[in-house]
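Each chain carries a letter (A, B, C and D) given by its place in the written order, and its residues are counted from 1.
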Amino acid sequence: MIDFSVSNRTVGGERHTVGRRVLGAHAWLTYIFLYAPIVVLVLFSFTKDSFGVRWTGFTFDWYVRLFNDTRMMRAAGNTLWVALVTTIVATVMGTLMAIAMERYRFRGRGGLDALLYLPIVIPEIVMALALLAFFSFSFGIIESITGVTLRMNIWTVIMSHVAFCISFVVVVVRASLKGFDMRLEEAAADLGADPRTIFWRVTLPLIMPGVIGGALLAFTLSLDDFIISFFTVGPGTNLLPVEVYGRVKRAVTPAINAISTLMLVLSMLLIFLSQFVQRRANR
Amino acid sequence: MKGIYRGLLALLVFGLLAACGATPAAEEAPASNEATGETSTNDGVDRSKLSKELYVYNWTDYIDPTILDDFEAEYGVKVILDNYDANEDMIAKVRAGGSGYDIAAPSDYAVETMWREGLLQEIDQSLLPNLKHIEPSLLNKYFDEGNKYSVPYMYGITGIAYNKSIITGTPDSWSLIMDAASASQYKGQFSVLDDEREVPGAALRYLGYSLNETSPEAMQKVQELLIAQKEFVAAYNSSDVNRKLASGEYVMAQAWSGQAMQARNGLGDEFAGNPDIAFFIPKEGGMIWMDNMVILKDSPNAYTAHVFINYLSRPEVAAKNTDYIGYLTPNKDAIELLDPTVRALYAEGFAPDAEVVKRLEWAVRNETTAVFSDVWTAVKGE
Amino acid sequence: MTTLAPDELPIAQRNAARRRLQLLLAPGLGWLVVFFVIPLIIVLLYSFAAPGPTGQVIWTFSFDNYVTLFGKDLYFNAYTRSLVIGLQTTVLCLLIGYPLALHVVLADPKWRTVLLFLVLIPFWTNFLVRTYAWMLILSNNGIINGLLELLGFAKQLLYPSEGAVLVGLVYGNLPFMVLPLYASLSRFDFTLLEAGSDLGGNGWWRFWHIMFPLTLPGIVAGSVLVFIPTVGQFVVSDLLGGAKVDMLGNLLQRLFTRSNPPNWPLGSALALVFMFFLTFIVILYFRNTTEDER
Amino acid sequence: MITTSAVVLQQVTKRFQQVIAVDTLDLDIRDGEFFSLLGPSGCGKTTTLRMIAGFEFPTTGSIYLGGEHVERIPAHQRNVNTVFQSYALFPHMTVAENVAFGLEMKKVSKTDIKNRVGEALRMVQLGDYGHRRPKQLSGGQQQRVALARALVNRPKVLLLDEPLGALDLKLRKEMQIELKRLQQEVGITFIYVTHDQEEALTMSDRIAVMSSGKLLQVGSPTEIYERPNCRFVADFIGEANFVTGTMIDGASTHCAVDVGNGIILKGLHQEPIANGTAVTIAVRPEKLRLSVSPPDGSSYYPATVEQVVYIGSDTRLTVTLVGGITLDVWEQNSRSTLDRDAYWQRGEQGYVSWNPDNALVLVK
């Protein structure tokens, strides 16, 4: 879905018309709409007002308090870890599956197609409870066979997150494979590249925008998931969305705004760096 | 080049994690308690039988975190706390098995659900000498006669909290929020709980029924009443009623006593209280409920769990906890240790007196009350 | 070079292709089967079971849950209501997202990626916290009312309301609309518009007869991606709608974990009917578009 | 002259489900020759090329490259290279990286790669374009890059799949000459797929004409043009007049065909044809003569001028014989302007004649 490499284009006669100005104004308004809550959120992480609803002066107190809040910091760390591992695993598997779906005709492909859309349309709460039942069921079987008692932990969350992220990656990567010129792979084979080399040197670089798009989507989904995380996490592993959900129920304090601001900054750094490195690698 | 890319990404994330001081997996084991040479002290606790960790599953913000530190300091047991926001969420996880928790805090009816399903361990009362501090009238309740499985932790009542500076006089009836004339006057300025048992329950009492009435006629009347009320309600809200009452966004609300107390007194350093907030149980009657400490069936640390529950039942600990949470303590000997302002509020109606107790009712929640779901869905779907 | 006897070869070839296919599919498919299909089968079994007196699942086999679902107006109302809100959200997202995607596609290539990221960045913050930020903006003492007062107007009750729910839903789902639209528009050949103007079509005609049909796959993909989470969510309607607007997600959440006792079998049936309905639509759409492309 | 074979196809058939794309094809392409596969679209020429490249494997039959069995060897293990119709340049690599790709795959040393890439780019006159991206080049330049990318590997055989199809006419002409020059310079066997007969005639040493998956004729451009072995080839390459009739004297090479209305046409054929066989006589328009008075020595037929089109170098006439047979006659305007035969008016009478050696009698 995300195709970052669009060729330059000029639209003859459309450049500076009224239409373009209206589009520009619309875009500005939409960006204001998108950023209004973000600005409020960031701003109010510095307010002195403990209700977090009024601007009563600038302070770093909430950040100091946040850094001393080991529970919250650990939750943030766990959440980032889950999101990262999920993103990597789901992106690799999803990309491979997307290639299989686009390049091969095989029996059961139609069914698999349907299966891949199910994790997208399934309501989160249903998937969460289904996974809870599944883990309890399979742990029971494992215990009765091997005598080993398993418990949910951070890895059960990761497994669950991967399960719903794969589909999103597949959808995005397939879109980028649809516009792929198969002749390029033939040309590489013709020049003596074996299938593996073709994949790494030609196919992957060319679908990279789609792969990155899928990875970003997986990262966002995992980072923000609350319900599935709640039901599949084990004792003592705190996750940020769960922690935040619990805390805002009582009161949204500027400390919550502060952790959100921090996560925003970290995520942006991550994206910026990945883009930077990718551009470097392309050069 | 791919490798560099991945390596850098991983490095960045690890860097961030390190900066956050977080470890990806669950927390490490706390300092060992083996150093404690004495196997028992005069408090009767056999320290050699204590585990290093205790996993407690509790409602969000339902315990003073310093109590956990105090407990660890005294016994060397690290308490690992996770939170839930509904009995049903907690039961779902416990029922699935292997939840890994030792202690949970189900509400009254949920205690019954859990022990009937075999999810709980019987409590060894000999390990709980502090049970003697619990108010006798709050023991042996319908959901756990003889307190074989549960120890009262906190209780509360459901009534109306209001802002005295706006609602003058002394309101004493559910009609304040149920009667169209009154509700329309405060349109968009009050909330009722987002709870399929509490709201129809209040309506039932207002209509002169028991909280546990399930006859079709009564349900029909309740549904009509609540649908009529809906357009005036600002929100169905069970969560931040405290803050919204304190900040003046709501002038009144159906609320749990603890929420009302927090609106009046403020909540830690998170927000300031509003001295104009008052609370009452309407003359038609209200709901009483209680959260209880239980030990889960598959808890490997039952002994430590008993010690922890007994610790929470110490009057001074219960008092500290109650000051923090704002709900009502069933610990009769803790009351005199409470913060004087809290005690004053108890006297003002935030806690039931002998007169109020008579019109409080426990809410049954079992298959017969499934009809409340339909009423609520109908109201919500309107 | 090694050569094989010709008659053996097609089989060897086929086997190699099959091995490669297996290698590509196995990890993802295996994962999905274990962590998605099996759990889903459990849900399917639930939907034929009966609710226990305290919210357990009692294993029987009956269609009672489906009968209840289609028999009571109650659930039908909740269904249609959340479908209406879902549609409203989708249409609004489309009306806002299409011009935005167009703007990004037409922008200077240097800025295109930046503009696209600007759409995504707000979503790196916690959804709940973002929704709370909207409460701060829309509340009685909030920013908009503050501005109104400053300008001498009367305060408006902006939240909680259905309008606020729509604002929150559109806000929360806009990128899911913009991204597919962007992908679709970036493949669109803008010289076709010039051809259209050669033929004498005006702006609207050109949009409606050239651009719209050619970017339809993006429009439909975006609509599906917006519609599904909208109908299934429950946080926005709880927070910005004062829990007065019941979406399918709210209903499911209640049936599964808020009712006393919960009714997992009925919830499972409700969810499955919903999923079946949506998957049907999605597959129908994607099958048509893939055939068009080939 | 003894030459070795670069590529040999024996009884090659390729079937895609129900469709037979290539039908029992036999080809023998010599070392160092410029060989064209010519035919209308869908005739199987591209499939043949793809089988030689290794992108498709034949359903049955054998392919030899330099004497070795290769029909089951995948493309990347064959020492042939392809220039694609759409060029198929890697958009994410620079021109130099594109050209270096094949050498890298062969693990050629870095300095060698650098030298050979530079050399190859100079050869296609793109010496200064190495750092550019393919998208920044014109169509003709991209075409040259594709050529350099293939040639740099010094393949035994270079396969070209309609490589000039996307270029405009002027550039095409230039590139045709350029390609021929290059081929002679590097001495590599070129197999060139095209549907443009003029292109094939201009560049090729030999041409194979294909139709519906079958090979019709192989030969030098002159052979193909002057001695087509069937009506399809005669029609596809150049223009021809076709007259159908019945063989009445098929024993000698110079035979007679009855085309009806009492007209007997003389023609040439290689092998005896039984009398009574339905045949077609093909005569190129430029081989016909139209004169005011009956010419001496050869057979002639009275004709009426129906149409006159003057195109400078030629005058193209359409005439009708008695009985309605229509023929195209191209008169070269090389004669004196005083020559009466050079100026024809519509409706005038004249006499059509030709050398029977130029009238081919075709059975197919």
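By definition in this document, a contact is a pair of C-beta atoms (placed from the backbone, for glycine too) under 8 Å apart; a residue touches a chain by one contact, two chains touch by 3 or more.
Not measured: the values here are computed from a predicted model.
Colleague: If I average the CA coordinates per chain, which chain comes out farthest from chain C?
Modeller: D
Colleague: More contacting C-beta pairs: A-D or B-C?
Modeller: Taking the two pairs in turn, the one with more contacts turns out to be B-C.
Colleague: Using mean CA coordinates as chain centres, what's the chain B-chain D distance in Å?
Modeller: Roughly 90 Å, centre to centre.
Colleague: Averaging only over C-alpha atoms, locate the centres of chain A and chain B and give their separation in whole Å.
Modeller: That gives a centre separation of 34 Å.
Colleague: On a C-alpha centroid basis, what's the spacing between chain A and chain D, in Å?
Modeller: Measuring from centre to centre gives 57 Å for this pair.
Colleague: Can you pull out the residues of chain A that are in contact with at least two other chains?
Modeller: Each of 7, 53, 129, 133, 195, 245, 248, 252 in chain A touches at least two other chains.
Colleague: Indicate the residues of chain B shared as contacts by at least two other chains.
Modeller: As it turns out, chain B has residues touching two or more other chains at 89, 92, 247.
Colleague: Quick one: which residues in chain C touch 2 or more of the other chains?
Modeller: As it turns out, chain C has residues touching two or more other chains at 139, 141, 256-257.
Colleague: Within the complex, which stretch of chain A touches chain C?
Modeller: Chain A reaches chain C through residues 1-4, 6-9, 11-14, 19-20, 22-24, 26-27, 30-31, 33-38, 40-41, 44, 52-54, 92-94, 96-97, 99-100, 104, 106, 112-127, 129-131, 133-134, 137, 159-160, 162-164, 166-167, 170, 175, 178-179, 195, 213, 216, 220, 223-224, 226, 240-241, 244-245, 248, 252, 256-257, 260-261, 263-264, 267-268, 271, 275.
Colleague: Touching chain C in the complex: which residues of chain B?
Modeller: Residues of chain B touching chain C: 86-89, 91-92, 95, 109, 112-113, 116-117, 188, 191, 194, 196-197, 230, 233-237, 247, 249, 365-367, 369-370, 372-374, 376-378, 380-381.
Colleague: Which stretch or stretches of chain B touch chain A in the complex?
Modeller: Residue list for chain B touching chain A: 1-2, 4-5, 8-10, 12-13, 16-17, 20-27, 53, 55, 57, 60-61, 80, 82-85, 89, 92-93, 96-101, 239-240, 242-243, 247, 267, 269-272.
Colleague: Can you list the chain D residues touching chain A in their complex?
Modeller: Residues of chain D touching chain A: 53-55, 74-77, 80-82, 84, 86, 88-92, 101-102, 105-106, 135, 149-150, 153.
Colleague: Please give the residue numbers of chain A that touch chain B in the complex, ascending.
Modeller: For chain A paired with chain B, touching residues are 50-51, 53, 70, 73-74, 76-78, 80-81, 84, 129, 132-133, 135-136, 139-140, 149-154, 200, 204, 230-231, 234-238, 242-243, 245-253, 266, 269-270, 273-274, 277-278, 281.
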